[in-house]
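Shared between the two complexes below is chain A, which pairs with chain B and chain C, respectively.
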Partner chain A sequence: MFLHVFTGRLKCLTRDKLMLFWTLLFPVVLGTFFNIAFGNIMNITEEFSPVKVAVVESAGYQQNEAFRQTLDAVSQPGDGQLLIVSVVGGEEADRLLKSGEVDGILEVDGEVRLTVKESGMNQSILKAFLDEYAQKSAAIGKLLRENPQADLSGLLDDMGKESFVNEATLSGAKPDTMLNYFFSLLAMTALYGSFWGLRNSTDIQPNVSALGSRRSVAPTHKMTAVLGDAAASLVLHVAEMLLVLAYLIFVLGISFGNQVGYVLLTCLVGSVTGISFGTFMGCLFQKRDGLKTALLIAVTLFLCFLSGLMMVDIRTYINLYAPVLSYINPAALITDAFYCLYVFESHTRYFLNIGILCGISALFCLGSYLLIRRQKYASI
Partner chain B sequence: MQVFKAFFKVLRASFPSTVVYLAVFIGISLIFSGNVMNNAVDGFTVESVDLAVINRDGDTPLLRGLTDYLSEGNHLVDLPDDSERLQDALFYREVSYIVLVEGGFTDRFLAGESVTLDAVKVPDSTTGYYCDQLIEKYLSTARLYREANPGLTEEQLTAAVAEDLAIETSVTLKEYDVNTQGTPNFVYYYQYMAYVLIAMMILTICTILMVFNQPDLRRRNLCAPLPLRSVNAQVTLGCAIFTVACWAMLIGLSFLLYGKALLSFAGLPMLLANTFAFALVSLSIGFLVSSLVKSFTVLSAISNVVSLGLCFISGVFVPQAIMSPGVLTAASFLPAYWYVKANNAIGSLAVLTSETTGPIWTSILIQLGFAAAFFSVALFITKQRRVGNN
Partner chain C sequence: MVINVQNLVKRYGNLLALDHFSLQIEEGEVFGLLGPNGSGKTTAINCILSLLKYDKGTIEIFGKPMRPDAYSIKQDIGIVMQNVAVFQELSVQENIDYFCGLYVKDRQKRRELVEEAIEFVGLQDFRKFHPKKLSGGLLRRLNIACGIAHKPRLIILDEPTVAVDPQSRNSILEGILKLNQQGATIVYTSHYMEEVEQICSRIVIMDKGKTLATGTKEQLKGMIKGGETLTVELFGLKEEQLEAIRRLPHVTGAEYDGTRLTVHCSGGAHNLIRLLDYLRGQELSFGRVYAEPPTLNDVFLEITGKHLRD
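The block that comes next holds the complex of A and B.
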């Protein structure tokens, strides 16, 4: 009998095109939009590329050999290239700066002066470089004044060769903040499973839908019907989540780390949470289907908003001001589970997330059970 | 004016969903525009990086000097020495750079040994490069003094380095015809307005027009002794009034929120013209969608995809400046791109000359062109369908 209910339900749900759109196509479309809009953010806003600078051709520049050599040294093409220098006339330099083709203009006459048109990271790097040049010159001057006999040539040669900073990582994962949007998107997909849950609870309650009335006069045990429905929606929704996940990974190239098994487990647990949430809402609000759907969408989107679907900074604020929210919000828990798998090697926090999610699902299931068990209807 | 009245009766019925969009929009624009740092500065300032120093070596003068130096112009964030917490902070950019100082660093450095600090940063990032540069500069200068004058105490050494590093290059900030005072808050409001306008207009206009387009209802209306021209004119009038009302409402809201700053803004007429042009574009898209879609359930899907899609691709949610050139080229075939472009240009205006305002008016005209094109296509489709049905 279970199998009969299960297959019937599965057919029934897969024919609901509108729900398929919201639970499968909408996340895919939104993921594509995210990728289009955020795909390039890291490269443009954060990634280092050599700073373009114009040097005004002048007698002062030609005479200052030390400076020219320093410029040459840092503009050698290769890994450590800091600057891309073009030596031009004054008017041309001005034109380049105005059109944004260079970030700054250097003028040399005794001292070096920098002209920029805005404050920014590249301009700061440029200034730090020029400061360093001026500071080193001053330091050497001072040392020579104090001790004219000192042999500084060896020291100066060493200077700049020794590196004091060693790039370290806390884990192998690239800290790409934009990934949070995709983690959060999957959390949204998981919680959209609540639409299926809502439909299940609508179609099983005699006082809510005609279909529910018909089904409850059938001699099927209610538990069989409920479990069959739940299993069918779970299978369908997990399949949808896997399709969305596959789309994100293989088509958009989003990285979810290497722990495939755990990622799939997160999808499964997330899906269970979503469906049980919807079922519970369906049992709680028995009348007026329109209101239930609107409420479900509003609650789901609000939870996703708190997990960083619309703006990632919200998570930092929540951790700062209301950390308890991230432990009770299913969307935040799912997002954080994906994040843990991506960033951390240990699984303590991951299993804490999954554990709480299971607890929340159990609460929703229990709540639904208590709400609709042993219902008797004198008239409908 | 019966049709006209009916138009607004239907509108009233679909009002709740419009209000939802309006509420969401007000929420979003308040959060985002409140979040924008309005750094109106007169001169050049170095960029401030959020960084953390995890000191496992103890409070030595050398490290204190280094920390002080790094904190000049940058923002030092206090973080505990806990690997997971640090990874969290880096991933969510609470900090972009973490310096880890191992125990014994100072002693080994002063003894002249070659030692390194561990730096955890966003790989290949500009901020990472900049912080490396600052640390290298500090320590190499300290090394220079140490080697040249081994007799210096640690305090003297730190003082000498600090004195040296206080030397700065003079920087001139040259102003061209752009606004360097930072973008006014309300420009962001106007940017997000594109989303609410288009989402609201598509949903509402389509809902109303689809009611009028229901085959049976339409047939009944065609039987009525009212000339078709009059029916169409009244519906058009209804659409026009609704469009103007939506536009006026959003503009009114912006005056409520940003009153004074907005009134004294020289680019205000262009801001209004730009939004009005986009309101017409939204109307035309709503008109087009209503001629294609037949069921209300499909409408909610289509209106969401179209409004979100347009806004994501055209730079409403994510600034155009940080989108990839390929996407922007594709986006330039969409009206919202020109809306955002004009809006950005208005926001960065410093002086009003024909040279600076010319491109803005061009963008507005392009939007009107889009609106005309969408209307024509929609009219063509409805005409075809009518001929086909008969």
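The block that comes next holds the complex of A and C.
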């Protein structure tokens, strides 16, 4: 009987064109739009621009030959240029900083002082450069005091030649923040499995549909019918997720890292969560089908918005100001699971996400069971 | 006894949907449940099928208490819902196969039953069609086929001809009689009295959740004072002649509009012959003559004071 229900259901679902559009075609189209929109951003090889800095002309600066030579070395035009140095008077330096024409002011008065008006990447580079200079000049001073004959030429030559900015992932994959949109897109696809769940619950409840009545008067145990329907929708939806995943990877060239098995596990668990979510909503609200679908779309999109589907920074804000939301939002958990697989080698955070998703799915299933198990209804 | 319902009470909040409703249906009957919309017919059916909770009463089918998990009883019941209940994505054949498969596991047997059901409802030329491509009448036929394909002993049809054209309606009614001839007990709910009169061997008339009368159509018509209505087309009937007609035996009333005489009778035999004899005796020539026996609507009208379709 299970097999009969399963195959019948699978036939129905695979021919439901409207649902197939939302659960398969829509994510593909959205993914394509994302790729067009972010493609250029993702393909740009970020070139490092030298940091503009003003040095205040003073006696201290003129007397500190080592510092002047170091600045000359790091401001030589070419691939290794770190700074663009303007030696100006104090007032002019202030004006340049205020107008944003330079990122910082260097003043030499015994020691080298840095003045900035805001914090940012360029200011951090200046700070790192000065720290390194201070460290190395102190080391040179100490060595000369201990051994005046020492040959220290070249010690400051490497100043500024090391990379001050290095973005990396622990898994070794190429880092890219734009990928979060695609992780979120896949989370949305997973949660759109809720449409299948909603349809399942509609077609099994006699107080919601005539089909539910007809199926309820048949000599089939209700749980057999429920499980048959659920299995069919799960098979179909996992297949849809794999198709979307394959499209993103092989057609759009989006990387999901190299942990394929775990990526597939995430798709499976995400599907279960989506379908169980829709089933629960269908059991909870006895409203008209159209209204329930609209409600489902609204809730799903809101959850995906919070996971960064429309604005990637929203995840950062939620993690800063309401981190608990990230632990109860299935879309955020799925997105973060893909992110973890892409960025980290360790699976601790990944399995925490998967575990919470399983827990949420179990709650939806339990809620649906409690609502659907009744065999007689007060009204139809 | 196929169905035995005793003192069924069902409330929706303050509304009493079934008020000590009782029903006994014997094997082989075509039993009609007749009543206006909202009279409680569908509620009664849903209670009998154990879909609805009820407040009081007992329901037995095939001599056993009916419960939601009474699968052995459900195995022998076929239900045709008021609303068409089929999958839009499955073809005619696939739909019938799906629902038949909920009752019959054996594939070979099921294939034969599906074929029989398709032929029975005359959908041979539409077996590959999807429901949205079918007309209203054909869709109703598919709805019936899905309910009866597994050859149940008891078939419950809840207003199966709503919004169906007359031709399809006749086809459906003929099919129901054929199912009965093949041995199925039929429970047929409708608010169309003509249909119920046409096919049902016994009828219960209900309103506001109550059983008003039960019996064969003849028994029901015999329960009321109002009998046949006679209509005669004629000219020149005088007032004293109309008064004389009103005094004829069994005549309860008569009206004349200048061209047509309408006479109401209460039972009795030979009312028409008696009237025509009187008209001939008065040397009044007349045209067409009609004699209408009482209808179930007359029965309903007399019992409740309102028409069935009010």
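Convention: the second predicted complex is superposed on the first by the 246 of 380 C-alpha atoms of A that agree within 3 Å, B and C clash if a C-alpha of one lies under 4 Å from a C-alpha of the other, contacts with A are read in each partner's own complex, and residues count from 1 in each chain.
One rule holds for everything that comes next: a residue touches a chain if its C-beta (ideal position, glycine included) is under 8 Å from a C-beta of that chain, and two chains touch if they have at least 3 such contacts.
What you see is a predicted model; the values in this text were computed from it and never measured.
When both complexes are overlaid on chain A, the residue A:Ala218 reaches chain C alone and has no touch with chain B. After overlaying the two complexes on the shared chain, residue contacts for A:Lys117 are found with chain B alone; chain C is out of touch.
Put chain B and chain C next to each other and count what each touches on chain A; the higher total goes to B. Touch criterion met: A:Cys12 reaches chain C, while chain B stays clear of it. Contacts of A:Tyr377 after superposition on the shared chain: chain C is touched, whereas chain B is not. Contacts of A:Tyr339 after superposition on the shared chain: chain B is touched, whereas chain C is not. Within the superposed three-chain model, A:Thr316 lies in touch with chain B and out of touch with chain C [touch as defined at top]. In the superposition on chain A, contact is made by A:Ala128 with chain B only, not with chain C. Considering their complex, residues 20, 28, 31-32, 35, 41, 44-47, 83-84, 86-88, 90-94, 100, 114-130, 132-137, 139-141, 143-145, 147-149, 164-165, 167-176, 178, 180, 297-298, 301, 304-305, 308-309, 312-313, 315, 317-318, 321-324, 327 of chain B touch chain A.
Those residues of chain A lying in contact with chain B across their complex are 18, 21-22, 26, 29-30, 33-34, 36-41, 43-48, 97-98, 111-125, 127-132, 134-136, 138-139, 142-143, 146-147, 150, 152, 155, 158-160, 162-171, 174-177, 180, 294, 310-313, 315-316, 319, 339, 343-344, 349. Interface residues of chain C facing chain A in the complex, by the touch rule stated above, are 12, 46, 49-53, 68-69, 71-72, 74-75, 77, 79, 81-87, 89-90, 94, 98-99, 101-103, 105, 146-147. Across the interface of their complex, chain C is touched by residues 1, 4-5, 8, 11-13, 15-16, 206, 209-211, 213-221, 375-380 of chain A.
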